[in-house]
Amino acid sequence: MPNLTMIEAIRMALRQEMRNDDSVVILGEDVGVDGGVFRVTDGLLDEFGPERVIDTPLAESLIGGCSVGMAIYGLRPVCEMQFSGFSYLGFHQIESHASRFRRRSQGRFQIPMVVRMPYGAGVRALEHHSESKEIYYAHTPGLKMVIPSGPRKARALLLAAIRDPDPVIFFEPKAVYRAFREEVPDREEVFPIGESEIVREGKDLTMIAYGAMLHRAMEAAELLDKEDGVGAEVIDLLTISPLDDSKFCESARKTGHVVIVHEAPRSFGAAAEIMARLIEKSFYYLEAPIERVTGFDIHIPYFAREQEYLPSRDRIVSAARRTLEK
Amino acid sequence: MPRNHVEVPGVVDYLSILNEDGKVDEELDPDLPKELLREFHRKMVLSRRFDERLLRLQREGKVGTFAPIRGQEAAQIGTVSCLEKEDWLVPAFRETAALIWRGASLSDIFLFNAGFNEGGRIPEEANVLPIAIPVATQILHAVGIAYAIKYRKRDQIVLTYFGDGATSEGDFHEGLNFAGVAGLPVVFVCQNNQYAISMPREKQTKSRTIAQKAFAYGIPGVQVDGNDVLAVHTVAREAAQRARGGGGPTLIECVTYRLAVHTTADDPTKYRSQKEVDEWEKREPLIRLQKYLRQRGILDDQAVNSDEEEAARQIDEAWKATKDRIDELTDPLAMFDYLMADLPPYTKEQKEAFERFLATREAD
Amino acid sequence: MPNLTMIEAIRMALRQEMRNDDSVVILGEDVGVDGGVFRVTDGLLDEFGPERVIDTPLAESLIGGCSVGMAIYGLRPVCEMQFSGFSYLGFHQIESHASRFRRRSQGRFQIPMVVRMPYGAGVRALEHHSESKEIYYAHTPGLKMVIPSGPRKARALLLAAIRDPDPVIFFEPKAVYRAFREEVPDREEVFPIGESEIVREGKDLTMIAYGAMLHRAMEAAELLDKEDGVGAEVIDLLTISPLDDSKFCESARKTGHVVIVHEAPRSFGAAAEIMARLIEKSFYYLEAPIERVTGFDIHIPYFAREQEYLPSRDRIVSAARRTLEK
Amino acid sequence: MPRNHVEVPGVVDYLSILNEDGKVDEELDPDLPKELLREFHRKMVLSRRFDERLLRLQREGKVGTFAPIRGQEAAQIGTVSCLEKEDWLVPAFRETAALIWRGASLSDIFLFNAGFNEGGRIPEEANVLPIAIPVATQILHAVGIAYAIKYRKRDQIVLTYFGDGATSEGDFHEGLNFAGVAGLPVVFVCQNNQYAISMPREKQTKSRTIAQKAFAYGIPGVQVDGNDVLAVHTVAREAAQRARGGGGPTLIECVTYRLAVHTTADDPTKYRSQKEVDEWEKREPLIRLQKYLRQRGILDDQAVNSDEEEAARQIDEAWKATKDRIDELTDPLAMFDYLMADLPPYTKEQKEAFERFLATREAD
């Protein structure tokens, strides 16, 4: 099994599925000759040619809207927004069209498109390059919203996303892009959209995270284990919408204590919906207030202070202790 | 100060063949086949009457807000008639005549306007998109389809409609630019009906014509009398041939006029004079076509009557059928259909809870 | 005191503030000659002229971005998106600029602009004309997000919004536009952004709503009173962001039972954040799971079925009974 | 088929005054004042060296990603020098030379690039916007400011920069269109540096020039050798005068070349040849200006040295000051500053909780 970074794993998924299915095309800014600003699509132009790996003009609405048209015709476009912070220029094509064509045509047209984009902080980038606004997509009916946390899942989820008959927004945690390697099987591996995963078992506390923050949650869990003897169950959401509430609700029924971690701003963020589901489905098992460890309700500061903005292992630990003390 | 000049295309063609009295410029007459001309007439009559019926139904509260086409029939029939069956049509929201030409079900249109998603159904074999309400956004779908056609090397083209107002939106720009640089088989038809709701064409943009906006994308742009179905068809046929032959996109500006309200929620007396409307009534496309057809001996009173009767019959039948369909569409749970291939679990829970709620409501 | 519809009350605020302050300008599609498609700005062109009541070309990003520029220069633009469902075409100007210029310039520039838009269902309109996606704005740091429920508050909040030194997104419930009249004082009345209001007192149940749904919540409260003898306290949020959690958290501490109503889709909607705050601040007082009565997680259906989609009085009552039984 | 023609402006002027060897076209020489020319030189030297220093600091890990200007100094200095103090400058993200001309603090720019929001500070008296990273979006701010100027009847104009890639964005279109129809006092400067990251100009749009895109908005468009500061200044002065005199906007296309990387995260060998870069190095604007100034007797070795030394001194000083500032900017709570006029209560709670957390962290 090759040992891959997330970038390589995503490229692997793209390459394998493009070999598999000639309806898969890639489009975006600098995805061809340049191989993408993070080199995710490196080499694909050479293998598949400029008609399938399309360098578009600098126009996000074009990228989104053109993908909708391609999908209507029967292609499976995988388009790239260079950074999630620029995807808003094409937001209306996603909200008003990608998510609605099946409905609007009463099933005649489906939109099997994927919108890939790097999101999140941690790579010392410029303004707009560190955003985590998955809610804009997660709150939009008709879309699926996926955020992998490591290479292997990224590959398996991207395959699922490309094959999905409906539009999938695929956020790639850029802080994880080159952070570590994982064994990724050469043979096809697909992970279903809409399923979360228990990545660490524990009976004292439920921790829910996704994307780059999963790793901080894991570090916090290890520390809690070592220093406090607390067994934290860690759940990797993987799909934000449709949200898999079965695993975390069950875990909370067991532990009674919950900490949720994400780097997006707190108010109206994903943690709120998770808390709502916990109230709806595990209310009587909750023993203490659920804790949110998230980005603050401010614009993420420029990179000199981005680590202070991001939930740190220690902030997570401190929140965990707070809820366990209650 | 002397300078070097860079030559760029600096001329917009303007084509007009029929004058206001339906008199043809003999030199320019494209001499279209009689049966085609007769079909123009049939479909223009049908579209006109259907539009009138919708308006009446709206005033009676039986259908909702809609965008009448009165006055724009030639711009639509003249262009859409250049498409082959396999070609794609990407409408905005004011193209009832074009949809009718492509065989749309009148009853579906009625149903849609009565507020039912079911009316938006697109039949399997029809290469037509549902109407697009966010202005100019559909242009990008046309471009995407055109790209896919080129990629699949199919013998198809795409035609998309939008208004004069739409040309101010970023999506217009992004779409035409990419179509130009990628050489896509698409015909962009701007129905310049002089207004975007209350905004007159002159305040929408300072460019003298809309056609010249094509130069920004290195593609041909042409202006045509949009109430002259012969001229429109001639120009559109050229553009369609260009697209089909690998010559890339064309921007056509049909100079026309919206004779009716913007939508049924609109009051045009706020922004334009009756005199102006009267002037344009004189250039109205249906009578102009009729005059020409009579001159050419293709149409007489009897033929007009028969087309009118046939239109009335179809419309009556469609509305009757629609009422029956409405009576059957009583299940509110249908709103959960077609969200995605599979309804997500939590949405399904919502549907089931709502179903239980409905059951208790009925039990009360 | 004149007895005004919400449309007239909003127009009153605009007119009074334009008379007051010549830095206030209005811009948008059809706001001038036409007086706005709902006639909100009717008559203002005649009084203030085309330089202050600007009919723009059909371009939402222009409307948002040009307002940002005007605000930078020191004007107080009140721009209109014709329907909230079309505001996404200019979303990036709001997310990436309106909300950020104070931060980005370290206080040199502020953006005292208001973005008015009709939102919500209930007027038998076309697709995209019935949306309720306040979350896109509420989740964006640097913005304020206001939704009045009646004429008097609309007027008082709009005055506050225009005078606010920061950008305010102002959603107008179009179902309320002409639904009823209220006395609106001629003299200036300002209601602070960021404050909710208890519009009905009660000790058994807390109901939280806003916009057009407030009236359904009130109807439900009356019915519960009459039929069940239940005293429902009804809170009108008025501002969605920054969310005033003081009143509803206090009310919940008193009643122990909460129902939240909004017409936006449920998942990742405003109710989730309210529930999160209740967990954080009133956890130990909650006696039963909080109930959400909201739009479903689907696109709002075309108008023949919009009333089935919207939270009805009876759905609210049924949710209230459910939580009270627990 | 004969047709009527509608004349629309069909010529783009191209201006070039200095050739590659710095030899001037005597007929075209605008004969600018010596002191202005000398100032061109000083600021071009300062900008060039500052850019080089930033690049070095980036390679050493002391500042983050940034967009070098090497090769585009003339396009910037030639245009920005047409502004009066009260005029407004609306940059994109690659206009360090223009910002320096307008008196930006070098230390602020260093600080910004070191990742501190504090470096984005705009001094009270400077009518300059912070850099804008989302491509083309700043064009609308320029348009809004221009509208406000016109409304307030002030004697000011606005100049805004963007790249060749930016012309494909919807915001470019929406901005120029409104500026045209409203007749706003704004100069649109496109620095066509041949690339948008890896995307060459020819694949960005099929229009032969970018200048001709102006015709879509009914405004003048002109192309100029962007590495020839005399030509750039001449064209920009005309546009500024037009704007100031109520003549509305102009689109200027400066044909230039990005000699360095797109940003420090970019590898240009992926998409262009060294040969191409070498060709453009020959047309590099600073040496060209120097040759001209020497020919005119405005510059000699000593003057060059003194400008170089002055630049080095300013840059050293600024970096030293920046390091001191960085040492002082230790409070993470500063990230809560300037969100809004008043921090909302819940955000304040977050800040306070974070403050408590920091206190325990320090206590550990």
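Points worth noting:
Per-chain residue numbering starts at 1, and chain names A, B, C and D are given in the order in which the chains are listed.
One rule holds in what follows: a contact is a pair of C-beta atoms (placed from the backbone, for glycine too) under 8 Å apart; a residue touches a chain by one contact, two chains touch by 3 or more.
Only a predicted model underlies this, so the values are computations on that prediction, with no experimental measurement involved.
Chain pair with the larger contact count among A-B and B-C is A-B, by C-beta pairs in contact. In terms of the distance between Cα centroids, chain C is separated most widely from D.
Averaged C-alpha coordinates put the centre of chain A at 40 Å from the centre of chain B. If you average the Cα atoms of chain B and of chain D, the two centres end up 43 Å apart.
The centroid of the Cα atoms in chain A and the matching centroid in chain C are 30 Å apart. Averaged Cα coordinates give chain B a centre that lies 35 Å from the centre of chain C. Residue positions 117, 120, 134, 137, 168-171, 174, 177-178, 181, 203-205, 339, 344, 346-347 of chain B each touch two or more of the other chains. The set of chain A residues touching two or more other chains comprises 57, 59, 61-62, 85-86, 89, 92, 96, 103-104, 127-128, 141-142, 241-243, 267, 297-299. Residues 1-16, 27-28, 168-174, 177-178, 180-181, 203-209, 211-213, 215-219, 223, 234 of chain B are the ones touching chain D in the complex.
Residues 85-86, 88-89, 91-92, 95-96, 99-100, 103-104, 127-128, 133, 135-136, 138-142, 241-243, 264-265, 267-273, 275-276, 279-280, 283, 286, 288-290, 292, 297-299 of chain C are the ones touching chain A in the complex. Here chain A touches chain B in the complex through residues 25, 51-52, 54, 56-57, 59, 61-62, 64-75, 77, 92-93, 96-97, 101-110, 141-142, 144, 164-166, 194, 241-246, 277, going by the rule given at the top.
Listing the residues of chain B that touch chain C in their complex gives 64-65, 93, 112, 114-117, 119-120, 133-137, 165-166, 168-171, 196-199, 203-205, 265-266, 270-271, 326, 329, 332, 334-336, 339, 344, 346-347, 350-351, 354, 357, 360-361.
Of all residues in chain C, only 29-30, 32-35, 37, 55, 57-62, 85-86, 89, 124-129, 266-267, 296-299, 301-306, 308-309, 314-315, 318 touch chain B in the complex they form.
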